[in-house]
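Report on the structure given below.
Here the chain labels run A, B, C, D and E in written order, and each chain numbers its own residues starting at 1.
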Amino acid sequence: MSRGLVTKRGKKPGTAPGTLIHTGKKTDHPIRLRVVDYNDETLTAADGVDMAACATLPAGKLTRWLRVEGVHDPALIETLGNGINLHPLVMEDILNTDQRAKIEDYDHYVYLVMRMLHLDPDTHQVRSQQLSLILGEQLLISLQEHPDTLFDQIETRLRAGKRMRFLQSDYLAYALVDAVVDNYFVVLEQLGEQIESLEEELIAHPTPATLARIHHFKREMLLLRKSIWPLREVISRLARDENDLVRRETQVFLRDVYDHTIHVLDIVDTLRELLVGMLDLYLSSISNRMNEIMKVLTIIATVFMPLTFIAGVYGMNFEVMPELGWTWAYPVVLVAMAGIGGGLMRWFWRKGWLRQS
Amino acid sequence: MSRGLVTKRGKKPGTAPGTLIHTGKKTDHPIRLRVVDYNDETLTAADGVDMAACATLPAGKLTRWLRVEGVHDPALIETLGNGINLHPLVMEDILNTDQRAKIEDYDHYVYLVMRMLHLDPDTHQVRSQQLSLILGEQLLISLQEHPDTLFDQIETRLRAGKRMRFLQSDYLAYALVDAVVDNYFVVLEQLGEQIESLEEELIAHPTPATLARIHHFKREMLLLRKSIWPLREVISRLARDENDLVRRETQVFLRDVYDHTIHVLDIVDTLRELLVGMLDLYLSSISNRMNEIMKVLTIIATVFMPLTFIAGVYGMNFEVMPELGWTWAYPVVLVAMAGIGGGLMRWFWRKGWLRQS
Amino acid sequence: MSRGLVTKRGKKPGTAPGTLIHTGKKTDHPIRLRVVDYNDETLTAADGVDMAACATLPAGKLTRWLRVEGVHDPALIETLGNGINLHPLVMEDILNTDQRAKIEDYDHYVYLVMRMLHLDPDTHQVRSQQLSLILGEQLLISLQEHPDTLFDQIETRLRAGKRMRFLQSDYLAYALVDAVVDNYFVVLEQLGEQIESLEEELIAHPTPATLARIHHFKREMLLLRKSIWPLREVISRLARDENDLVRRETQVFLRDVYDHTIHVLDIVDTLRELLVGMLDLYLSSISNRMNEIMKVLTIIATVFMPLTFIAGVYGMNFEVMPELGWTWAYPVVLVAMAGIGGGLMRWFWRKGWLRQS
Amino acid sequence: MSRGLVTKRGKKPGTAPGTLIHTGKKTDHPIRLRVVDYNDETLTAADGVDMAACATLPAGKLTRWLRVEGVHDPALIETLGNGINLHPLVMEDILNTDQRAKIEDYDHYVYLVMRMLHLDPDTHQVRSQQLSLILGEQLLISLQEHPDTLFDQIETRLRAGKRMRFLQSDYLAYALVDAVVDNYFVVLEQLGEQIESLEEELIAHPTPATLARIHHFKREMLLLRKSIWPLREVISRLARDENDLVRRETQVFLRDVYDHTIHVLDIVDTLRELLVGMLDLYLSSISNRMNEIMKVLTIIATVFMPLTFIAGVYGMNFEVMPELGWTWAYPVVLVAMAGIGGGLMRWFWRKGWLRQS
Amino acid sequence: MSRGLVTKRGKKPGTAPGTLIHTGKKTDHPIRLRVVDYNDETLTAADGVDMAACATLPAGKLTRWLRVEGVHDPALIETLGNGINLHPLVMEDILNTDQRAKIEDYDHYVYLVMRMLHLDPDTHQVRSQQLSLILGEQLLISLQEHPDTLFDQIETRLRAGKRMRFLQSDYLAYALVDAVVDNYFVVLEQLGEQIESLEEELIAHPTPATLARIHHFKREMLLLRKSIWPLREVISRLARDENDLVRRETQVFLRDVYDHTIHVLDIVDTLRELLVGMLDLYLSSISNRMNEIMKVLTIIATVFMPLTFIAGVYGMNFEVMPELGWTWAYPVVLVAMAGIGGGLMRWFWRKGWLRQS
């Protein structure tokens, strides 16, 4: 349950900026390093290379894509950062895996942070990991917390299509960001389907569990929005600002991603408002059921209390109760009771309490 | 029920931009192509023409309006797009029929997406389809998902009035946008009438079905607002930006459409706030009815419990109960019971519980 | 009840802009035309003049004020519009009497729409009609839907004070707008008084009718705000924009009207928030009354159920029940019952349930 | 109760701007005029002077502060206004004592309106009066509705400290505004204390009177916010705009007042949100008490209904009921009843209904 | 409880600005003065020095950090202020320890106020104290209300790392602000953990105490937000404005602190919305429990009222009641009663009232 609200920050207040401490969840999967060097004629890919070697850019007109999966080893990040001359704050941000999406311009590179999402199929919770992109001339470094198959598709395209290989690191960065944002739609589709089936459940037979699920999804939407909202501005700046590293042709594509981000936020907001409406509906349905319960009680009490009272009267032991001796008294009283009961039922019928509503 | 919240996107994250996959609802109605060529002197219209031929603009000072009804054939869109040199992202957007309204300036054309609405008469649900407009010099292409009679009226005007024919593709684009926005008013009028009759029903005799209908309309308003809101900015940009393709005379008319769009949003917001007010009213009316039910129960219990108790007392079998032997005991007790019952009823009358409220 | 939410628009989507169809409520009162020509030396006024003649401006340094009361005759508006060369969209807007307040600059005139309000004394509903102003050099045309005495006062001032007659059509336009906005205060004063008396009623003795009235006033405030909000920007533009037709001296006065408009909106918002607070208070008071009702029921049941049980025990017919034969059994049981009842009442007293709250 | 919501405006719509009618509450206290003329060397103060004389500025390098307490005499204001050449709209605004805070630049003076607040110690209601300031070269006129001791302190400082006397009318204006804003803190402190004691009362023992008091304070906050909000912009303009009458040294001080105003609004908003939270708490506490009441009822009914039923069974008069003749039947039934009652109580204990919550 | 809402301001309205009165909570701990003088070669620190001496800057290229812990002695502040020529308003602000965060540029120094937070471990309340920073050339003065260990870490870094000592007073100011903001995360982590455990408690077994705690945390969030919100703009101005005292290298670091501040506000807002959701959940759970209680009552009443009535009928004393004489009547009636009771229970089972929900 401690997922996502306030993440523990390892850093103690007062420590120097640029102090490299990994602050995400402790993991011990091996860190995967993969280097893809390509231009329009050739493409080589290698796994498990040495970080120090990676930092030395390849000769010739090659564009290098360095994929790092796992950032829980500060020493490694420091080696890389020093190799390509990163600002200490950037190294710190790569390790502090609870950043808001942001973009920062440095002299020879752009640093971009965003969050990758996926839906845990068991708990229906949205999980996120931090993606750091460092975009330099002929260089793109992507740093994720965990291995993930989302970017394999892009390597496949790079390998397959010559057209994409002509394009450079900025287009590659666009391709990664686009894949991440498109994946938001996948997550939202899954959430949307669950919310709609919850809505059907709510209308058909609401239970307290329905309420807990509405609360769960409201919480997820809150965290989703928190993750995606700052990305809006990040991509807007990337798509619109003057920048030597992002070519104008790529900006056309980035504007398309920007529209998608706005669309994602639109959907999140729509789902949130729908969930608020569902909560209102739930509360009303509780009140309605309460009314039904009270009606049953009131009908029963109203019918039987007077009858029991009459029976009580003729159960009294006074010596002088002339009715008790009359031959037809008993059937007359029974008929009167039936009449009173029937009359009350008719009254309730007229009030509409007996009809199913 | 899966209409409108989060639409399935066929595109897998990581595929290349410009990959042409139709992502709307699967339909198999035949695609209708209609070409209208006109200038101030002549007008020819042809149906079912070949897409490749359409892409070749007519000779002379003719303005061409190409109406495409059905976008579920990617090959066709590709033929058209390549013929008139569309950006791959535009072709992708035409096929992904879940776009937010947007406008994009390209060198030799403007691409504009918006949503056409109509109200399903059976389910009272708002249905929408995507309208793509490509406005070029002497050329307007309108692409809809399904056939629809809304634009026939405009062809009729084109055919009838010479005055309109003098005007060029930008005015024609305005005429289409104006027709779409005017149709929003028609949809809102129908919804508004239903909401007002729902309000009357709510005040007269609210039932749980009323609640479900309030929820339904709130949901519709949510989706309507989501569809129309981005159009505001689209038309504003069309009406105010410098643009070679949109003449200043046409911008006067577009500002009028802009005012209408604002007005539509105004009405949507007003209806939403009204629905929120109706929900409050509904909740209050449930509570009021609960009060009524409880009053009935309390009156019945308060009157008959003491009486039943008295009857119970004189039904006890103690051997020494002097009252039992008195001759007038029974009538005295009956009168006392009537007095107690009457007194309680009078108390309730004074409290105002017996008056209809 | 169909007043004000979504007005029927006569125009069918797809018809040409500038198609002149009157879309307001059908009325058949005669249209009143009144021409007032004045300068600092002279003033002539004539009623029931011919529309075609009106369009011809008077010779000399006269300023003409043309008052049109009734716009349900499209032919008349067309005659007028053509006479003074109005844009077709302006003529359409004059006839479509459901416009939002707006201002439009044309070459030789300014077109301004706003809504005049008055409170229907019977239904306590705010009624509105559209006021169109066409401000030209030496010319002001005011077009209302119905006759109204609000502007008579201004004609009187024109007739009386030489000072006002020196001033020209822009100051006259200001005078009309000022009168309309001042009248908003009158309407709000009346509504405010009713809302305050409703608040007193709510605190003293709330009934379901109170709830319906709160809902009614919330609805009125919603529609009021919708009417007045856009006027804010209209007057701001009139008061601040460079404009040949509005002199700087007049703009000082218009800024004053602008402040009044803001003040009106302030009051509307305050009243709306007050109504929301009143609704909360109402809901709480229902819950409080429910508590009172349940307390009565619970006290009655708690006191009499044990007593009735005891009476029932001694009403059993077992042959061996030694107590039944004891001489003092009956009084002892009665005293015990009184003790139990009294003890329970004391318990409730201690719990504070018997005190009026 | 009619205080503050919508003030009656004496002015009839359509009357000329600048028509001088006093529109505040009718009062008949005498109007106090006090003139303070000072420079760094001398200071003279006189009471009850003639208004016409006041308008003539003193000779020499004297700064004049004219304090007017009471604006219910239009003739007096007109004399003053004409004497120093005020715009008719300014004179009208001085008399209409329901203005929003505003600032207006005229050629030779600045006109500033704001509201002075104090808390009525009896009703705990915030009362406000209008303060008009006219700031000219060497001249400051302050016009209040009622006498008030707030500014006496400033005159004392003027009299005491030479340092302040060097400074001119703009600094004096700052001193007045600062005193007014500082007084807002005093009012808010008093309200804040009452709200906090209300919060304690709410947590300890909420009653319907608590609810009424929450509503009362919400209403006060609404009106307070309405009074103070526009002042924000007024002081911001005074502190930042270029203006011949306000020196740069004074603007440093005005920025300080601006910060105070923001702080006041902050506190008002915090108190409002706290009151909203208190209302939620109140509603929850009602529901909680309802639960308690219903538990008592349900426990009583659940325990005694089965027992009364058993007693009723053995009170039946069938001739053949073998148990009735058994010797130990009565004690056995009594024990069984005790067992059933005890079992039910234990069940309730396990459900936690008997524990105080 | 009077903590934080509206702080008492000692200053009486109308007193001169710059009047030095300490307005925070009265404390009498001794004021600690500590001077740290450093450059890249040397560092000397001294405690308990004389304030007058402190104001004289050290000779040579030393940067002085003056730590003042305790501001409740106006005379001391005046000595310091006069020594380094502070504006009277700055001295007043240092003493009025209820300032909103703000930044003010003076000619030779920048004055910055912000709030330091810590969580009281006993009451779970957020406590705040005011931190004033005066940043001059080669000089940084930090003034806190109480001693606190947060800045000791920074002195340690200064003492340890030569790198930091090269940097000047602006970087030192950044280090302090960064430590304060990082500490916000620590406070929020603690609050977040408590809120999450409260959420678990709410879902598992909500009690009225849960409600009080939700209210408590909402109140804390309100006050937290109020404290942190204005800091956003303060740091933004420090990080972006041109300023002689803040070097461009330091601004890179300040932008990082700015991002952290936004992140903190994000978390505060997320927690607030979560608390609102928890309140809704609580209210729903009360209603649900009410339903459960009412179900128990209704089941009991519905089952036993008809049975008691039947027993009552056969307890009547009519002389002619033939059934009473039948041999099998008693067992038949018992069986019939069991049948009726069982039938009702089955009905409730079918309605789902007997299943745990």
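Throughout what follows, contacts are C-beta pairs under 8 Å (C-beta built on N, C-alpha and C of every residue); 3 or more make two chains touch, one makes a residue touch a chain.
Keep in mind that this is a model prediction, so the values were computed, not measured.
Taking CA atoms, the transformation carrying chain C onto chain E includes a rotation by 145°, reported to the nearest 5. Taking each chain's centre as the mean of its C-alpha atoms, chain A lies 26 Å from chain B.
Between the CA-based centres of chain A and chain C the separation comes to 42 Å, rounded to the whole angstrom.
The residues of chain D that reach two or more other chains are 283, 287, 290, 294, 297, 301, 305, 308, 312, 315-317, 321, listed in rising order. The touch graph of these protein chains is a ring, one cycle where each chain has exactly two neighbours. Read around the assembly ring beginning with chain D and moving next to chain E, the chains appear as D, E, A, B, C. Considering their complex, residues 150-154, 157, 161, 164, 175, 178-180, 182-183, 185-186, 188-189, 191-193, 195-196, 199-200, 203, 252-253, 255-256, 259, 262-263, 266-267, 270-271, 273-274, 277, 280-281, 283-285, 287-288, 290-291, 294-295, 297-298, 301-302, 305-306, 308-309, 312-313, 315-321, 357 of chain D touch chain E. By the touch criterion stated above, chain E contacts chain D in their complex at residues 1-2, 5-6, 8-9, 11-17, 87, 89, 99-100, 102, 104, 207-208, 211-212, 215, 218-219, 222-223, 226, 279, 282-283, 286-287, 289-290, 293-294, 296-297, 300-301, 304-305, 307-308, 311-312, 314-317, 321, 323-330, 333-334, 337.
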